[in-house]
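Below, chain A partners chain B and then partners chain C, in two separate complexes.
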Partner chain A sequence: MSEAGTETVAAEAGAAPEKVTPGRLVLRHMLGHRATTAALAGIVLMILVAIFAPLLAPYDPNYANVLHRHQGPSWVHLLGADGIGRDTLSRIIYGTRTAVWTSFESVALALVVGVPIGLLVGFLGGWWDRLAMRVTDIFQSIPSLIFAFALIAVLGRGTNQTALAVAIVFAVILMRIARALALREREFLYVDAARVAGMPTWHILFREILPNTVGPIIVEAAIMLGSAIMIITMLSFLGLGLDATVVDWGSMLDEARNYQATHPYLALPPGLAIIFAVLMFNFAGDGLRDALAGKQSARRAPRRRKKPGSAAGAVAAAELPAPDVIAVRGLKVEFPGGEAGAKPLEILSDVSFSLRRGETLGLVGESGSGKSMSALSLLGLVPTPGEVTSGEILFGGRDLAALPEAELAAIRGREIAMIFQDSIAGFSPVHTIGEQLAEPLRIHKGLGEAEAKARVVELLDLVGVPNARERIDDYPHQFSGGMAQRASIAMALSCGPRVLLADEPTTALDVTIQAQVLDLLGDLQRRFDMSVLLITHDLGVVAETCDRVVVMYAGQIVEEGAVADVLSRPRHPYTYALLTATPREDVRMDRLPTVPGSVPPPWAWPRGCRFMPRCAFARAECGQGPVPFVGGTRCLRAGELQLEVVR
Partner chain B sequence: MSRQPLLEVRDLVVSYGKGSALFGGGEPFVAVKGVSFDIAVGEGFALVGESGSGKSTIGRAILGLVSVAGGAISFDGQDIAAFGRHIPLSFRRNVQVVFQDPRSSLNPRRTIRDTIGQVVERHFGTSAKETEARVGDLLAKVGLASYFMHRYPGELSGGQRQRVAIARALATEPRLLICDEPVSALDVSTQSQILNLLADLRRDLGLAYLFISHDLAVVRQVADVVAVMHHGSIVEMGASEELYRNPSHAYTRMLLSSVPKPDPEGREERRAMRVALRKAVNASPAA
Partner chain C sequence: MRRLILLRLGMSLVSLVLAAAFVFFLIQLSPVDPVVLALGEGAEPQRLDAMRRELGLDQPYVVQFLSWFAGILRGDFGTSFFTHRAVLETLLERLPVTISLLVGGGAIAIVVGLAAGFAAGLRPGGWMDRVVTSAVSLALAVPGFWFALMLGLLFAVELRLLPVAGYVAFEDGPLLWLQSLVLPCVALALHGMAVIGRHTRGVVIDVLGSPFIEAIRARGTPPGRIVRRYVLKNAMVPVLPVIGVQLAIIIATSSVMEKVFVLPGLGTLMVASVISSDFPTLQGAIVVIAAMVILINLLVDLGLGLLDPRVRPQ
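Then we have the complex of A and B:
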């Protein structure tokens, strides 16, 4: 166990520094939104009014002073008095108590009944699930108000009876939601792990699955609180539901109806109270939903980059040395820091490389190295809120880093095409592969329908999709992973791009399919004299396919050179460490060489050499300041180290 | 090593009922077609194959996560299929699992202490204080400091999460550990740390492993015996060194030739061989 022990310290290096519980994060998101904050305050106010009604109400809500009948607002009756002289303000205050109590009671009851049943049937599946779903179908085909009428007719009027009627309607809805959530969560391996550990079913349901489903359930419950108030006041207004001794907004409205012609003002206070309560719960529910969604990472979206002033550079952008198709110079990408006023996080620092005509360049690194970010920035696809803050990307006499979105859009797909790891996700599931491949041909190349179709068949043939003529009518889900990647390559090639960016194109594929797709990419690259930028974490893939390679670590390029040189005589200790740590199928080693620790997150990048904490060859001077990129590597000791890879 | 196998799998058949239209209109899809193998005490056994070969399904069948359509699985002489839906804790104690993706296999809403501690409590009925001490020991075994128990999975790196998943599996003191692609979601530099850790644990605790992996390079480092799966059947099985040096089945040869090597020298020859083997496999009706 000693070895494992020595790795302890290093393994901790990558730990996140900040401790934020999920709950606190959601609250922070919610309070950041003004409407939600106001809604939460409104709900707290209603609850306080409900609790302290006897202290707040100036009169007994049932005390009728006949002399004050139909009095308008005055200092005696702030909101006036009703048809038999009861104080409207006091009745609104006591009505708040009724509304809050009945809505919370019905929703709580619905939660207690609906959620566990939903979780259970979703988790068990099979017959249980089918039975429960048929029952809910029957329930949901009965209009809920009529169902409530029927139930109250049987049980009689009363606060609890009404709450029960509403609760049953809501319980069915919550059951459906809980079931759907359980079906989703059940697919996660933590549920399997709990089963394998021998945890009982109730434990898996309530301790494992439930905590992961509370978010959507609470959102729904918050909105239901509003709906409950609506339904219950509606029932009272119709003279059903709550019994006559209870003060509530619905019956106030009903009474106001009797004097509508002579005293229309009477309907105003209860009406406004109902609107206020329902709105508060709905806003709070929506805010909660947004706050929960806010935790998910930002979507990838095209974005304006670089400071506007530099746009002039787009025209002036310069002459490239002859063999270069794309030259990236001093590229820096930053994301805003987490807290307001925090320093921006530098995700890419001084990235410079060039892609030559007709070559395959490997961009290699582990997760968090910045390799994908580099590729995305070439096409102006840095995910928000990140931005390119300096540097240039020269391509065909233009600086892509300063080009407006419209011009970039014209380059994407036509001059520079891209393929991704998850190729099926790149296709729309509702259109056939043929339609989707034909579209860019019709739009960009102006081909007619028949011409486009013939060209699509040709392209699919080219990338080795068998029976291309029949398969163009297939939908993406009918393609296997390897075939989908071939189709996405066909799509990328359709407009004859000069450059192909391939971001981990074979990572999701089986090893035999990977070999086929890589061989295909090599063939096509030679045939069309394309330049390919291949982003990968696999040095084996680099060795099999690339001419040159750029190695990235923690947002910097640490080494660059011809594949034959870099992979046999690496000059940077990180490249060397990666090479020796990569297991090989042709050798068995008793102990794999390891690199201690893991790639640190951007906020923990060292000031000096970023690999220093994990480097076996580090010296004190390595930590003193940023290490320059000299002679194809970013290592102070490059001159003295002899890093031969033994095979 | 004892002669008596720890795990015996005989003619195992697993099928998924009412397959989609893709698999021929309601016909059940047979994922595992009569597979047999043994794992001895302390042995490292690997199932390799591509996605859809049925290798993961075998692991799930042994864990009782999918139902078995035919054949027998016995652990320590005890038939697992006889348990039905309710698998006794004694079996759960002996056979544990480490899944591929520690992001999904650890509950994001629970602390590491809860995730590991609940397993300890379930199997050993420990008090809160004892549980905490055990969780600390388990974390130490996988090379993590004890303060990690107060963290959530989201606060850990991929390698640290996988260490936690291993610690959870060790919590029951199992004799067989099923590792379903234990390192394929990890970066290269972290991957070798985890593989070394698994090797150390095997040596120190006398664990037997069932490795399930598509990665032939990784499997070579950890397995004593390797079975190659293709379309639900084992096409070749043998001692690891022998199989890698002298693959006899055409599919195994193609599989091995498809693994990219981090050595640019000779890549053109490798490529030519790969293409030839591919043709050979496609031509043979068996594959």
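Then we have the complex of A and C:
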């Protein structure tokens, strides 16, 4: 199950790294790969049984004692005897020898032939590659087993012939894999370097490329060993396989088939032997693949501490002050911290801010500061396995942090809409833009298909998408980034939301398009009387478009205030650092202004002031404990520092 | 879409010619001389030569291939050295069994595989996911023919619900025909089901993690609608080619089920032809199977064209 479990993690846990100490890492590695260890032990066991078969088997596997025909398990025949009185245990043991030998033989041959050819054609490219690919394309129309039939027709029947036939089938597959790997490696710098250094092709292939591709090839080979056993027993069962004198599981099953009605037990031992062997090779291959990919064992989501639908929602509503549309109070978002019992990771700590009616609030910070997470939590969209574990999000008489999913869905897109940085990636690639834009109208406003379509065309006109009537039948990949962002703005506005969350809406766009989109947003905000939460790392954008600004660092709000104040007289050294890293006010940045260093990951956040390691003004007392948010800033030295920005 | 159909149709024909040529020339490598086989070891050289001339075996291989392939296009697959029957006649006799197995086994593998994959992938880590992933690992290690024996033991020998073996043609009784196919189809579907299920699960998890799902949730689309409308269609794009490959494997492994359940299909015909070195029959059967696989690949490509606008030629 190793593979299955870890896939989940890859999808879920990308955002939540955890505290890792070397001891824990080793422990987790061993625990996580217990199945792999067991599988490797199983394989070693099979190899030992194969080698020492003559010592282990109680009887000659071909010695038939007619008197013991069809005997069940007993002290004489531990697994019973077959239809002509041969000892089943001995036959299983010698069958192991055959299975191990034929599968290793065929996979080894396939590796020796397929991998070098694949690496070579992939590395050389051009005609060689095209020719080889044309040939292997043939095998897309001839299934492996049928190809093996044809090969056996040519090679004749027998143990080595069968192994050779299977080897040829696998060589073709390995060749394709090796080729693909070589094509990928060819693009890397080290190959160029080797070429420039004048190394011969064989040296580059076997000394440079092969070591870098050996991992995936070994994984494939491990799984192929299992397939080899499966195919060879299948061929043998069909009567195409091995020499009559060779004892193997496939022919044992073939014989068992004849006694199916009278002695069904006979089919059990060879079947279980095959299952065991194939399972071991598959687990070993999967475990190896996971280990190479650096995957870790699955982790569970924490118990949701803030119960949805709690009664607090309605009560809290009354406290919302008049100018505020949304008020966030003491929001905490946590991710599970690795293995069971570990402390959860706090991604957002005590985040409080409010968005007023008709204003544009800038939410600023470097990547990793928690800006996007704050916006997503407003809509109840914290990615799993993260959870809002405490705090309130007050909106329209409700606490969004406590609402059940169905009620949140009714608010999303209708009362609070959101647009994202990469707008093309925000559309389903296999549905037309028109279908997708119509969806909020159809869900939230109950519009019919034709009505919704007409409205979508109007909206696209409004946001300045030319030829709207034709373009609604286009797919997202046919839109430019700027046009897609306009389309997503049109969709966000379609239901007349009171709040628009804009998560870096212009970051992915060209500078000229950025200005157009920002102007459009400002224009629409006034027209629709919306409140906008503009997430950005660009202080130029904040200066131009926002009324107030909230600065975030490492999951906390570090400063808040009116744009004019914060930008000219910052009170937190982080804001100051961001501002001084911005070269000129009139030039909008398309890159993050650089403050030396970077935001530490959540598991490395300091206990005291989180900015302390990068702060030019830090003192010893800054590291002693959490810094409270007082008077619009989270800095112990706010009273004494004079952080004037000179431009 | 019309351009895509024409393009893929052309490519399919090329694939068929290449596959036929490959099989033909591969079989020519055999050390077995069919004429000696037909006339016996001790036949006089003149008789051997006469038969070679008669069958066109004295011609260069390329000429032989062209006349053989041209014959196939006309519906003439040649004559068996062994039974002296027209190969086409034998193939047509056997084809209904193979097609029944493909359709039955394929349908079970697709339906159960997709359902299990979605059930597991929509709630990764849940109990359903654990059941499905365990079942998949086990199913991939169980040899299909052993599973078939066990099914036969349980449902035919013990419970006597279904026939142990044998095939009844559809014309001779639709119900009996269906009964004779249930166990083979279930056994045949086992691996395909597991592979489709595992792949679907992974794809569903990937799709759920993609940015557009977050954006669609932010629009207020209800979860059920997201799955039905967006996850389903987006997930089918990478799953469809896997289904195609599994159907091809089902055609191949039906030979094993034919042996277990004594069904007269193309698989046992091929096995018998390999054993008796009946090359015209073997070649013919492989070409028919290649044609079926190519047709499946064509349908998969067209299905992808319908699902995904990005693969349609502009």
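Keep in mind that, in the parts below, the second predicted complex is superposed on the first by the 427 of 647 C-alpha atoms of A that agree within 3 Å, B and C clash if a C-alpha of one lies under 4 Å from a C-alpha of the other, contacts with A are read in each partner's own complex, and residues count from 1 in each chain.
The rule is short, and it goes like this: a contact is a pair of C-beta atoms (placed from the backbone, for glycine too) under 8 Å apart; a residue touches a chain by one contact, two chains touch by 3 or more.
Quantities reported herein were computed from a predicted structural model and do not represent experimental measurements.
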Which superposed partner A:362 touches (first chain B, second chain C, both, neither): neither
Touching partner for A:134 - first (chain B), second (chain C), both, neither: second
Which superposed partner A:410 touches (first chain B, second chain C, both, neither): second
Which superposed partner A:505 touches (first chain B, second chain C, both, neither): neither
Touched partner set for A:196, first chain B, second chain C, both or neither: first
Touching partner for A:540 - first (chain B), second (chain C), both, neither: first
Which superposed partner A:118 touches (first chain B, second chain C, both, neither): neither
Overlap of the chain B and chain C footprints on chain A, listed as residue numbers: 1, 3-5, 7-8, 11-12, 14
Sites on chain B touched by chain A in the complex: 22, 50-51, 60, 63-65, 87, 89, 92-93, 95-97, 99-101, 104-110, 118-119, 122-123, 140-145, 148, 151-152, 154-160, 163, 165, 168, 171-172, 187-193, 195-197, 199-201, 204, 214-218, 220-221, 240-241, 244, 254-265, 267, 270-271, 274-275, 278
Complex interface listing, chain A residues touching chain B: 1, 3-5, 7-8, 11-12, 14-16, 19, 21-22, 188-190, 192-199, 203, 207-208, 211-212, 366-367, 478, 481, 510-516, 518-519, 537-544, 563-564, 567-568, 577-579, 581-589, 591-596, 598-599, 614, 647
Sites on chain C touched by chain A in the complex: 15-16, 18-19, 22-23, 26-27, 29-31, 120, 124-125, 129-130, 133-134, 136-138, 140-146, 149-150, 152-153, 157, 164, 198, 201-202, 205-206, 208-212, 214-223, 225, 229-230, 233-234, 237, 248-249, 251-253, 255-256, 259-260, 270-271, 273-275, 277, 279, 282, 286, 289-290, 293-294, 297, 307-310
Touch list for chain A against partner chain C, complex: 1, 3-5, 7-8, 11-12, 14, 134, 137-138, 140-146, 149-154, 156-157, 226, 230, 233-234, 237-240, 253, 256-257, 260-261, 264, 267, 270-271, 274-276, 278-279, 282-283, 298, 300-301, 376, 379, 381, 383, 405-406, 409-414, 417-418, 420, 422, 425-431, 436, 439-440, 443-444, 475, 477, 488, 491
